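Here it is, the structure in full.
As written, the chain order gives the labels A, B, C and D, with residue 1 at the start of each chain.
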Amino acid sequence: MKDKTFSSSQEALHDLRDGISLMSGGFGLCGIPENSIDEIARQGIRDIHAISNNIGNSGRGLAILLKNGQISRATCSYVGGNPDLEQQMLAGQVEVTLVPQGTFSERIRAAGMGIRGFYTPTGYGTLVAEGKEAKEFDKPCILELPLHADFAIIKAERGDAFGNLWFKETARNFSPLMGMAAKVTIVEVEELVPLGAIPAEDIHLPGIFVQRIYQGSNYRNDIEIPVYAD
Amino acid sequence: MSESSTPRGWTREEMADEIIALIPSGASLNLGIGMPTLIAERMDPAKSVVIHSENGVLGVKGRPTRATVSPTLINAGKETISVQAGASFFDSALSFGMIRGGHIDFCVLGGMEVDVQGNLANWMVPGKKVTGMGGAMDLVNGARQIIIMQSHFSRGGECKLLAECRLPLTGRGVVHRVITELGMFVPTGTAFRVEKLAPGITMAELGIVPELLV
Amino acid sequence: MKDKTFSSSQEALHDLRDGISLMSGGFGLCGIPENSIDEIARQGIRDIHAISNNIGNSGRGLAILLKNGQISRATCSYVGGNPDLEQQMLAGQVEVTLVPQGTFSERIRAAGMGIRGFYTPTGYGTLVAEGKEAKEFDKPCILELPLHADFAIIKAERGDAFGNLWFKETARNFSPLMGMAAKVTIVEVEELVPLGAIPAEDIHLPGIFVQRIYQGSNYRNDIEIPVYAD
Amino acid sequence: MSESSTPRGWTREEMADEIIALIPSGASLNLGIGMPTLIAERMDPAKSVVIHSENGVLGVKGRPTRATVSPTLINAGKETISVQAGASFFDSALSFGMIRGGHIDFCVLGGMEVDVQGNLANWMVPGKKVTGMGGAMDLVNGARQIIIMQSHFSRGGECKLLAECRLPLTGRGVVHRVITELGMFVPTGTAFRVEKLAPGITMAELGIVPELLV
């Protein structure tokens, strides 16, 4: 099978440029592609359309790029817990499109799966429905369109040279969907494993959707809100 | 401490227990960010209620210990959690498919405003505060029963149970039940039916005009 | 977690009745719910609307119910290799609706996931598009609707008492999708395992979609077309 | 054996090899039922072509041995197969999402009729034979390049490359290339461009009127 490994984040992200649309996996700080985000901060590319559930949180994750002024548009479902985004949105520095989280997930899946549009009851009768086609099924629904991107940066726990991926616990979230939806999907992994090391039934994202993969390093894996029973 | 600031009615824990009493054994349950997560911590494991969190987990059990905590194991409120034996992890499309497809029996969410038609507002205050809807719009249109768990009054002292919501809506005609520290209420379309009042609370204290109460 | 185990196919399928819509997993004979099919043959319920990719093959699988005259309607994608179906269809004994296989899969998924309709280019400009709404995207598309069922019978390699399932190799096919789409999903397994025995990340169908599960027996696991390198 | 029944042109194996030569290293490939499955068996493993079968597998390698055969490991033609290291299994929705979403580079399908507009018919003969479309309608609208691998003439001796298909269509304007035992052809919209003829075959033998050939 084709070997898609790159030796570093710098090599894997060599062709990013101003104005790209960029999906980034993770829920809050859980499962975010830390190395790729750091590399994009280093490159300093600008005018990014970021597509990510939270666009970072608590000053970390994609909020690093927000602070650098690298993001001009954001498509996300949740702004709470991300003061950088809320502030830049209210100041008009970042144009934010809020999408209900289930519609966000399904639009990304639709982009990857070649579905050209779908009807959902979510958002009917709210601001979200404005300007969208409505149609009556068992409930009134609105038509939602696929959400594509030029690049996706995602992180997996394990991956092989072909790009077959396995995600740990709730770190999966949007990442495999984004991996399907982008023209170029760039994966960083905690552990690069040999072909066949992930049981074939348990591959969460088949490598056919992945263009590049590299071994990540120095993961912080920050916990946003640690609560304990003891 | 003046008498007016003495907390009246149920504590948050008591509100959580009131909701837990509504949920039958074997049911599935999604919990919103904030107060509703208390329910996960107070749920009796013997009850066989399976708790879903929309970031991609079924079988949430409450808090982890310092020994078992994992940075990749969180709920939709981004708090660390633990899970039961038989738990499962999945991506966000499947997670919201469970919701949209009607496989979640109950959802408990926080609210800013609820009205007699069962409309809910809980995601933005125009010009002031935008938290985003997160998964709330999907949950209110997908889960079979929507319970709103909120404080009875806003910080400004206004009752959050209204004739008609003023804030941008999260969903129309979606709320089945509202619980506040003062009682439990069911929107009927034209009024709130008072199902239960917290101990010592009178109808007069609700701050709801009498014609909106049945 | 709720215990959904039943002691036999007879108990798990106690409330089937004439006229039900019935999804049945499997591709050809691969991954079919053999015990449930045998039990339905024994019960003799009639006027079944069978929803299955092949409605059996080579006289086996759902073709057993065809031969018994228990199926009056069939929704499937492929008739080849199933002489019982082709014959009863041409004779007008079974009303067959042919659905392109990708649309078939996605309509079943849509039913489970609460999607009320979706646009696909598949079938545009063919007999499949007749009577359907069309709409222009990057390609002309047609609107397809979810495919629901009263009951689904599926087979998994491993499952636990809550109904969490794991499928082997290509035996997965339509089964987890059907498990999501039916009002009542009845699962038979090669091996009933304790809660937690399937790693939580590798559960192919979470138990929330499953209503009943039982330990199967005497599997034939017929190979339809054995070809060998040696 | 009379001279007229002597097979002319390429063998099936040679047709498969002609197609294999078109497919670059690193590409993904879906193979239809019947003749196209020969390609899996003749593909050079060093070429890094990954073979998809729509029943839910990526990384098909050809036939299993009697020792490794598994009843749950088949291709879309229901033949037993084996897989490469790095193969993956998935459900039918994801499998067809790979197709519909444009992630499969090449698809080789059998055909009953192809016309100059790239229309394809391969799923039914009204009143006579219905095999069903299976995954063919999805494949022709999803895979990036569609190659039809078919016999040049029907059993009745009629050429299967036509000005206009007469059978119910599988897809409109979807075929990029047709290979038969006599040659390789590209529908241009108004004619077939002859890319290659099998050794010893002349244009006159194709059974296609000259105005449909360029």
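Assume a residue touches a chain if its C-beta (ideal position, glycine included) is under 8 Å from a C-beta of that chain, and two chains touch if they have at least 3 such contacts.
All figures in this text were calculated on a predicted structure; none of them were measured in a lab.
S.K.: On a CA-centroid basis, which chain has its centre farthest from chain B's?
M.R.: D
S.K.: If you average the CA atoms of chain B and of chain C, how many Å lie between those two points?
M.R.: Each chain's C-alpha centroid was found; their separation is 36 Å.
S.K.: Take the average of all CA coordinates in chain A, do the same for chain C, and state the distance between these two points in whole angstrom.
M.R.: Taking the mean C-alpha position of each chain, the two centres sit 33 Å apart.
S.K.: Cα centroid separation between chain A and chain B, in whole Å?
M.R.: 28
S.K.: Roughly how many whole angstrom separate the Cα centroids of chain B and chain D?
M.R.: Centre-to-centre distance between chain B and chain D: 55 Å.
S.K.: If a residue has to touch 2 or more other chains to count, which residues of chain D qualify?
M.R.: Those would be 89-90, 93, 96-97, 99-100, 142.
S.K.: Residues of chain C touching 2+ other chains?
M.R.: Within chain C, the residues that touch at least two other chains are 106, 109, 113-115, 120-121, 139, 167-169, 172, 200-201, 204.
S.K.: Kindly provide every pair of chains that touch.
M.R.: Per the contact definition above, the touching pairs are A-B, A-C, A-D, B-C, C-D.
S.K.: Give the list of chain D residues in touch with chain A in this complex.
M.R.: 25-26, 28, 48, 50, 52, 58-59, 83-90, 93-94, 96-104, 142
S.K.: Chain A touches which residues of chain B in the complex?
M.R.: 33, 53-57, 62-66, 69-80, 82, 89-93, 95-97, 99-100, 130-138, 141-142, 168-172
S.K.: Could you list, by residue number, the parts of chain A that touch chain D in their complex?
M.R.: 1-2, 109, 111-115, 160-162, 164, 180, 194-196, 200-201, 203, 206-209
S.K.: Can you tell me which positions in chain C touch chain D when the two form their complex?
M.R.: Going by the criterion above, the answer is residues 27-31, 53, 57, 76-81, 86, 89-90, 96, 98, 100-106, 108-109, 120-128, 139, 157, 167-177, 204, 221-230.
S.K.: Which residues of chain A touch chain C in the complex?
M.R.: Per the touch definition, chain A meets chain C at residues 106, 110, 113-121, 135, 137-139, 141, 166-169, 172, 199-202, 204.
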